[in-house]
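Remarks on the structure that follows.
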């Protein structure tokens, strides 16, 4: 189970872009193809149609995969410069490879209930794959999941909660931010107050939008200390991508 | 409907012409496989297989269910193949192409019908409760020879898999969680592998192993032999295409056996490696006993 | 974008170019002193009134019809019995624990924990849109993505809010003390076995499964709020018949008032007007009253604004309006939406508003402050719906 | 060649500070691929890559690899004929994309009678004359200025290999060795191999030769250079090795 | 294989609670006879325009007979079109009706599945036949119209145990309701018809007490001991035409007139329903 996120770009030789992202027990492989010719039925006159497919590791998905797809799609459409490719299709496939297993229960194959905690992994994998496919984007995005767990009366925040934590959790929150610090996605369930949500927001903001250098390129490497606040997603994204770019431009 | 892109005339002609001069584009021998890689995940029953640029992920899962009325003493064992847009934009979700149907059928014949997995061992309470073991085959990248790669992934995943332990007390079934009891391996009978030949030339005189996607697009016929390391053949499929000399086919099966043996040893090695990594006691024993069969 | 020309009648213009039209009504030009309002005449933060009628269906154990504006949905709740013998992965120990430590754990345990409800699929909500409730929803096709998404959201919310307590769905059986008069020996044994570890107290023999079916008669935007309200109203209206477990028939038998009850049915009451030999029924306990409140963000610029500029000071061309309870035409003009589910019923603890769910997606306008503020809007909506439920 | 220190890696949406943007008196600022201008004065990258600034030409662009080919004006491309319609051929530049149009008279000295007949699946070496997001790209196999083919036209025989867009671009550079760091083709030629090539910006390289052996060898050299990310020195070694194998 | 586009219940079968062995007898005993005169139909409530986004729509509710536990029909119908047919379909000189009838899962004693079952298809075809005769079809060449009826509540007695309340008789009432409500919706959609068509049911019933079987209209199965035969009729009053006739059951050979009588009664029932229909349309439409 990886505490620090790991990612590899362009893992699929035959797709326009792809990425494999592993974090907190979730592993997702994403592929991007596009811009390609859209089929008549989902052709859009003014912008590209962003099609997201989520495939579960086991079983033939169901209603909840459709819901996950609509969440991811609505977020990516905000990032991709869809107007650059009218009548085109940008197809994103998210293949879930592993999900953290809970040793205390025997998981069922088909489940209708949403599983929030996987959303950040799906979104992150998709963003990385889009970058690897060099699809023009307005901004990048980072996401994280935070749970509010109460133990003997005292509430505490748990970043990247384990399935065990989730069982005890009073509420689970997924937040995603664009690289311009805008709140892109906010999904919460459970039982909480505005104040608690505020606290969660703070925590998520710390993880997703830790200020790195605004100067392009010359980045001030912040200390990568793995404190309770969780990993620095923005820094992670940047270093991962830069490593890939540097490798691609080895000849320059 | 999106269609798979046809190769250009120049490519079609050249590939055949080059083969005529014993040349493959990637410089391989005719009976040479691309580098085969197998990695297991942290979880049981997840196999990641790459064969050149072809990439397949197989995942095994099991849950307790109700047996089919006509087979009260058997468990349920299904292999689900999926060739989605990730492999190529030509593949649509929920619209199986011929390639996919073919793949599914061959895996079915090779692994399921050949009784590689003892389905009776999956029965828990006759006619009431049994295990349903399911293998999901996800094709992540398609650069030819899906069949051999997928079959290898399926067998690897199944042999790596562990299902929850169970007990029955006074007619009451208990399925233990991994925390309560260490999961147990499936009762595995033999490991079949697919070896696919592609034929080229006007009367299929040239035979290649492990054809790439480009090669597959111009081949005139193909034949898949499924067999285990003991040379027991589960099925042979030559579905149409130009007729091929019977003698040639015999040679193909002979070579196939050596390949199957290579696969088998390779897999055993990988499983042993993984076992060491986990250093679970008693697992080695099981493994070797499996190999003895 | 065509400038609004007066040669068009308002409705025609609204149809031809809805975006500029709505923009015009929301942001009246200086000369006109009309207050900002929506094409449908509502104020931006004004929701459509809710009308709720319950127990209008006689074949369902609970039912409700909810109408907000031109969105009308019917919900029927029906209970069927699931013998534990029919649950492949059933585990008595697990449920016993549930029962024992479940009670004190229940309170501090979040709604997201696993349990019988999820593991045994005791709640089965489904939403049917293919009734021609709107031109794009015709029958003969598989459920649309919208229908599937709605079903999933209802399902998740039902569990995360812990509206239904699994305890109230358990069906118990107490074996007669004088052992087996008409029991086959195998049956006897089983009970003996369980008697050993369960001091022959009541045994859990079956569960109620609640089928919660929603059918949209008419859809004019904001399906989720209506659907959820219907679910809550129907559940609160649900009365499960008191049943007695018959080990011979391996079935739950309806009880008339005449027979004594052996179920855990508390406060069983004969409900008048339900069947001649009035079947005894128990109202289903429903925890709290979560209410969903949805709004959509209408951007001044068509097809989504420019995020760079948006992060800068809100200039003209980047204004936006938060439209509460959007109708169909508004939904098509808005990308970003937020749904907040709140429960202000005292059950929520200390009168403080409990938020049960937030779903915000499809844009970057709704930030921290706006969402904080939206909680207030949701509370207001909660009262409206609460009143409609009474 | 740029040195480590002055490398500017940027991600989509990153802010590029003012001083980096060249401010030239006369020439207008020219933005290359991967950048967009947001009024009033912001220049923002839309892809991840290295920001390259050319103060003399008062231009800046993004250097990156990968992705799917999107037609741009004046690109040299290798297209594959899908079918011929009245007066024009429909030509595919990348799989699953809308096909570009190639007028049947846009060949050297083509007339109603002498226009070339291209079968489905035939390859053409062409230039993009019109590319715009709202229309399908338009190609030509003859220079409108000179009326000469200038190397454009049908590609017969030989073999077409797929390479990354990055390598294709480098191969097309005027001084591909110094600027693009790729010399493999020259090296192969120097080894006395007789072959001709046509490089398409859309990631295809056509290789023609009488000896299939040579074609295969060139193809492998290109592929290994591309996938192995070989620098000039490694390319030299590679060529030596391959040639040795062949002989 | 479970439907992966819906939320499926438990794998194991769920059973509705069974009633006491004695229950059905009790019911039989307590069953009061018919509460209306033999040639009176139940009160109907009809309303158009319940689904504004549809071209036309209507809601029909038939009052439950005085006794509790007996539910009346509740139908809602939406009409979409006329709309041009998809390119793929062949040329058609007249409008093409596609009718769908679907029971809501909670409409009947047994929970209904989401997939259409044969009885629903039957209703669909009968409805189509009934309406085709009424619509002036050649006014819209190359176009089609969808008529969707959702049966929110079937005409069924809740307490009667499966043994006796035979569903097939309920279908009759359901169909006649479908015809009436669809006719209203069509009018609401402004699709020209030669006349408003309404449905009516007549049945040959034998109750203990009276010697010979008698004919009643708009029967409630649970109000009678046995229903020997029934017919559902779609009738155009002004033209005096029957567009659809559905007959079920067997008639004693003794009385050859019986069949004609039954049909006439059915027409009566239809005519009565028609009055309500016209009244309603008079208020809302026109």
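To keep things simple, chains are lettered A, B, C, D and E as they appear, and every chain counts its residues starting from 1.
Basically, a contact is a pair of C-beta atoms (placed from the backbone, for glycine too) under 8 Å apart; a residue touches a chain by one contact, two chains touch by 3 or more.
As the structure is a computational prediction, the values presented were derived from the model and not from experiment.
Visitor: Treat touching chains as neighbours and tell me the shortest step distance from chain C to chain E.
Guide: The fewest steps needed to get from chain C to chain E is 1.
Visitor: With chain centres set to the mean of the C-alpha atoms, which chain is at the far end from chain B?
Guide: Centre of mass proxy via C-alpha means gives E as farthest from chain B.
Visitor: Tell me which has more C-beta contacts between its two chains, A-B or A-C.
Guide: A-C
Visitor: Can you name the chain that lies farthest from chain D, using the mean of each chain's Cα atoms as its centre?
Guide: E
Visitor: Quick one: most central chain, C-alpha centroids?
Guide: A
Visitor: If you average the CA atoms of chain B and of chain C, how many Å lie between those two points?
Guide: 44
Visitor: Just give me the whole-number Å value for how far the CA centre of chain B lies from that of chain E.
Guide: Inter-chain centre distance comes to 55 Å.
Visitor: Could you work out how far the Cα centre of chain B sits from that of chain D, in whole Å?
Guide: Roughly 39 Å separates the two chain centres.
Visitor: Any chance you could list the residues of chain A touching two or more other chains?
Guide: Those would be 33, 36-37, 60, 62-63, 66, 105-106, 108, 112, 138-139, 178, 180.
Visitor: Residues of chain D touching 2+ other chains?
Guide: 13, 95-96, in rising order.
Visitor: Specify, in ascending order, the residues of chain B that touch 2 or more different other chains.
Guide: In chain B, the residues touching two or more other chains are 2, 63, 65-66, 89, 175.
Visitor: Quick one: which bits of chain C touch chain B in the complex? Just the residue numbers, please.
Guide: 85, 88-93, 186, 189-190, 193
Visitor: Spell out the part of chain B that touches chain D in their complex, as residue ranges.
Guide: So the residues of chain B in touch with chain D come to 2, 5-14, 17-18, 21, 23-27, 89-90.
Visitor: Using the touch definition up top, name the residues of chain A that touch chain E in the complex.
Guide: 60-63, 66, 110, 112
Visitor: Using the touch definition from the top, list the residues of chain E that touch chain B in their complex.
Guide: Where chain E meets chain B, its residues are 11-12.
Visitor: Chain A touches which residues of chain C in the complex?
Guide: Result: residues 89, 108-114, 118-119, 145, 148-149, 151-153, 155-157, 159-161, 303-304, 307-308, 310-311, 335, 338, 348, 352-364, 366-368, 371-372, 375 of chain C touch chain A.
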